[in-house]
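Following are the structures in question.
Two complexes are shown next, each including chain A; its partner changes from chain B in the first to chain C in the second.
Up next is the complex of A and B:
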């Protein structure tokens, strides 16, 4: 027996077997959760810029509806040109009273984001103060926090388990916002295993009760790599309101630069 | 006779009957844990109550308005100190974690706007208040005390008290959620009072009021029942003077009450503040039933009858009147089903069930029980036989004066009736012994009102709220409202727009007015909205279409009449003067309650008519005499008229409980008339007495018993005066008052009326042939058995 054990191939196999539990233990739930979101981030690298048309349909408890239409443009940050977060430009198209109003956001990794709003009726750009991204966005059930491009470091993570959601095999991950101004104490996120796309998010408010459920569908792949959603449904679980968002006309890599997202560029945005 | 056979049967089957009684009571008692006490003030209104439907529609657009308000009063009389602001800031943060909360507004988290170059700064009025300098605090005070959205709502004019207002979002019919929220708030307050002992706190708002519904009825249970039991012991001691009799009475009334309450649990009858009086009323009615039975039985025993004979005799004499009064009382309570307000329907049904059990247990179970008990009569408590004769002589001799006096009193008090007005206030439901009432009174005296009118102000088109005319007219409406009596505060979107316009124009007071370009207004709105932090959006003031806004008018020190009038006047004013907007009907708990008195009165009219006519028909059937049946209506309804007339002269404030109380009192006072008239007719028919002899006979037979019976009922209903709620007090007072008046009418007015209207020729012709035949038959067979007893 001793001979057998010291036999090199057998010895190798035994050490592998002994290491398996160590390997599994090596990755904690926290690490695994974070790893999933790092993978999401990795798969979305180098998209450069993209734009899309967005239509929001707001509904209140009595079923009354209201529409907002806007154009959304994103310039990728964190690359060789921009050593910072993404930059976003939202131009409102409807309702017509706010047509041409444009919102620029410069996301920052270490401090509050910068936001400016151009008011065509005033012909001026107004800077918006910092702690507001958890507030309701244009009266909808989305907050700016829900819509803004996400950074991995915005949250801490914990992998919960695997679950089937919408007939897809998903990771379920709990994430906790780092920002104290966030409107949430925690979120549960379902990410499909095949393409690492967020399928569903449950949001828990500051009193740690479920407030909203977001489901994301109609994903399409662009440039053979980047998945973008066509339909987002946000349903408030506490007051019977909901907002649907339909995103169309995705266009990638239009060659936009930082200049297109500057305070000065706002006046040109129409 | 059927009754004798029934009694023999009861005595023979006494063991099975007692077992059956226990089984029934036991089964019913299992329903007791199913009784749930609602803490939702909305229970007062039925689901399809028009003002409730309108209120819910408003809330579907702008979110729920129910709130908990915490008011802080620092002992130094100034909330603008670093330590108090720090306490408010911490409490505000903790308040966001209140279960089912939706929004928290306070002095510290108010979103102030100011311009800094081209930046629009929107930020909390106080942040890290503990570290604020004296100048910063002085500046903050300056801003806060000039901000219309804050003054008289979140902070007092002189800055001596401040509020934290928590807007709640409770799932419908969830009473546990409400309790959870209140528990959390109370723990939070307890912590504050430990950490900041210089601050006194006061709690008010709809959620606290709902919670007080439960606390008031708990308090009622704790105070009314001991009083009720002392009263029962007193009654038993005075009228029965026998330990075993007291045991029997106590058993019967407790079983009746438990069975009725338990069955209401099985039947899922919704209990609330208003049904809180049901148990006391059932106890009272059950005492009356069983004391009746025992008094007769003791009289028989004293005259030498053995126990069995005494029971049989008491049954023979009492079963019919007890049954009859149970039916009429039951009809009175069942008529409450016509009430617009569901709790009164529940009250009526629970008491009607109790009346049934009290009857059943008094005449079936109690005789069975008594046959086992070594019961001996106490010393005779012969009350007022001579007094009754003197009453009879007086009433007969002075009949003309008495009738004139009665007519005068009726006319005089009928005038008093017209002085009554429906006028209600939720806060006034509760007695001053309740903490909610004390706190709410403090808040009304020092900070703001708790009565609110919410209006949806429609512009007619999407984005219309940004129109120049709309905003200008909205501003005018706010000013108009501010000038109305009792108005403390008007919350309006136009105040936000004025402030934004000023801020964008670098704080120039010249621009402290609504914007004059709709595009600009819409874009200011967007800018402001994008700047607001978590939970402090404007969705509670503006609908999603930007077509309508909400205004909320807060009033203090007024009652519903003023509120209802303000709503009507505002709509008339807007219609005539404000073409830029459409104002919708005012809504809110106080407005709903304001309409409730009249609505309930209207819906109860058919119930009252039905009760009066069906009880009169019952009386006619029992008396077998149409004329006396019709005649009985007068002494039956007069006590209510006189009672409410007196109320009108001395108080005149009718709550929505008024008409139900009238119907309850009616159902109970008819007993007196029924008893008197039945004895009178018996004397006229069977004994062929003349009218005055028949009156003497009636006095003799029932005069004392009526006095005893009425005294028990009056005392029982007066116990309700110790209730913590005005509704129960009112029902108790008016029923007791009506009973007193009714007793006086029966003793003094009914005989003269009979002498006036019941000429001897009529009675004979009116009497039905069967009664005649029966009477003749009895005369042939010998003298009729005239019971020597109360009845």
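Up next is the complex of A and C:
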């Protein structure tokens, strides 16, 4: 018996038989998690460019409110023209003291993003460090990385299971940022199964404690394909502060080019 | 010239729009007075223009006794800046920004300036502009050596960050990851100086009504400048050239005037500028250098010189496990003329911090320590700014001149003596801004 078992043909057969269930299962939790985000990415391909108006309402523990208004424009990267990440332009409208201030970000996949800030009072374009991911965005509960365009390779993934969230059947996926500059150690993301839209994110800070919860609602579909959120709520779980973001006036495919996201275009951004 | 041309353009535009409105009114049998509703008319005429404004009330308190006759221990002023912008098409726009400050103590500090009156035609391959505009060159934070297009609005603030509008015709050519700019500047702007009643000045008042020029064309000499900028993978590099009237005048004391004054003297210069920036993680390394020919030094001897400034900016995000950010700058300044430089920032080390609380009021604290490298003289600036609601901002600023040196060992008037003349001019300033 022992001899039989150890003879090469039997070994071969046994290993084939052992592999069958693996082939059927096909995916590990890591693979399934990643596949969900690849599908999100795939469904958003070729949007070209879009812009929207964003209003942020910042609230502190005692309920005081403050408002930020800006215009956000995104040019899709990774297409035939741009072999790199997305490019974004944000022009601030309120607080009025900083109105006209504009920020351009060129996202990169393998290195820090490039960022330029235009200060209208000085007529100055200032290069700023793109390593500022974890920093607060204009005093809100959103950090730069929360608002930055997301690439699949920015995280490693692990599928946790299925869960109902907001009456929708969702995948729950854990993702871990690859970048050491990230302010997070891990995030749990709820993605609805029907349209692959992110519904909720739990953020864990560098001490691995739950710091913020983001819920995204009021999705609308544009060009019969692209889903964009109308309302984002970010609530800090540790200091009671929160930021609501309302996004309106989405306009797709205005025919923008890289020239609209250059340092020169910053100087005439209005 | 260009200024008036541009104002005419705006004016003509307004006339056309008003005519359009009134011809509709006259279309009826009788003149319908109700159709000439002034509110409706104004609205039509301004339709398409983005109108904004900022108003400031500023008070300064000087705790030390003034050194010179006529100076006050406090100062109040009001300032207003309006802005009108209109985009006529994707490529053509007009912008008009007048500024006025009224100073209740110093007549010389009361001044009107057109910051911008600029027509811009922009396409992806070319940009042409004409009118009055503001252009900034440079990368460093404490002093701006390369920046030369605009005259400094020196009476606005001692940090020299404010600029006067400059008339120009400009051409911008986007290059693959770069930019080429060319400027023709037909109208020179003189620097302004505090009057007899003003603080932050030297012992002698500068007589701005009688400027002297090296060139016979005086303030109509056509200056020109060009700059080539290239973005690199981890940084930026720019080379610039300027030929024309120096923005910083020599101050000379004419003999035989009834009471001693200083007259500004504007020489003709040629200046080559270099800017470099290298970015690595949270570090920004910066360098600016100039080589200038043709300007007399403090002893009024023509001395070609180079000057440079450079250092780093480092940002720490989320300090103290909070959402607060801290930025640190360290920069050195060196002017080859040293004691004969026209500025007391001739050999200095600057340490600065920017502390952003990232709260809902956008509260920020700025600290700047400027240490003279060859004496114990230093300046210290502390600035706190915060917002109240969406339309009001409050800024508190303190400036301290400390241990300013009178003379060099030889007893001559030197670059550092300029600072010594302002040794009593420490001040505390509060400014309230309203944005509408």
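One rule holds for everything that comes next: the second predicted complex is superposed on the first by the 246 of 270 C-alpha atoms of A that agree within 3 Å, B and C clash if a C-alpha of one lies under 4 Å from a C-alpha of the other, contacts with A are read in each partner's own complex, and residues count from 1 in each chain.
In the analysis below, a residue touches a chain if its C-beta (ideal position, glycine included) is under 8 Å from a C-beta of that chain, and two chains touch if they have at least 3 such contacts.
A quick note: this is a predicted structure, and the numbers were derived from the prediction, not measured.
Partners chain B and chain C, brought together by superposition on chain A, clash.
When the two structures are aligned on the shared chain, A:103 is found in touch with chain B, with no touch to chain C. When both complexes are overlaid on chain A, the residue A:264 reaches chain C alone and has no touch with chain B. With both structures placed on the common chain, the touch criterion links A:136 to chain B and to chain C.
By the document's definition of touching, of the two partners only chain B reaches A:62; chain C does not. Of the two partner chains placed by superposition, only chain B is touched by A:117; chain C is not.
Look at A:95: by the touch rule set out above, it reaches both chain B and chain C. Contacts of A:209 after superposition on the shared chain: chain B is touched, whereas chain C is not.
The clashing stretch of chain B relative to chain C, chosen from 183-191, 543-551 or 669-677, is 543-551 in the chain A superposition.
Taken together, the two complexes place residues 58-60, 64-66, 95-98, 122, 124-125, 127-129, 131-132, 134-136, 138-139, 181, 183, 207 of chain A in contact with chain B and also with chain C. Those residues of chain A that touch chain C in the shared complex are 58-60, 64-67, 94-99, 112, 114, 122-125, 127-136, 138-139, 181, 183, 207, 257, 259, 262-264, 268, 270.
By the touch rule above, chain C contacts chain A in their complex via residues 50, 52, 85, 87, 93, 120, 122, 124, 127, 133-136, 138-139, 161, 163, 172, 174, 179, 231, 236, 277, 279, 281-284, 313, 315, 317-318, 321, 323, 325, 357-362, 387, 389-391, 393, 433, 435-436. Residues of chain B touching chain A in their complex: 57, 59-61, 63-64, 96-102, 118-123, 169, 462-463, 466, 504, 517-524, 526-527, 529-539, 542-546. Partner chain B is touched in their complex by these residues of chain A: 58-62, 64-66, 92, 95-98, 101, 103, 115, 117, 119-122, 124-129, 131-132, 134-139, 143-144, 181-183, 206-209, 238-241.
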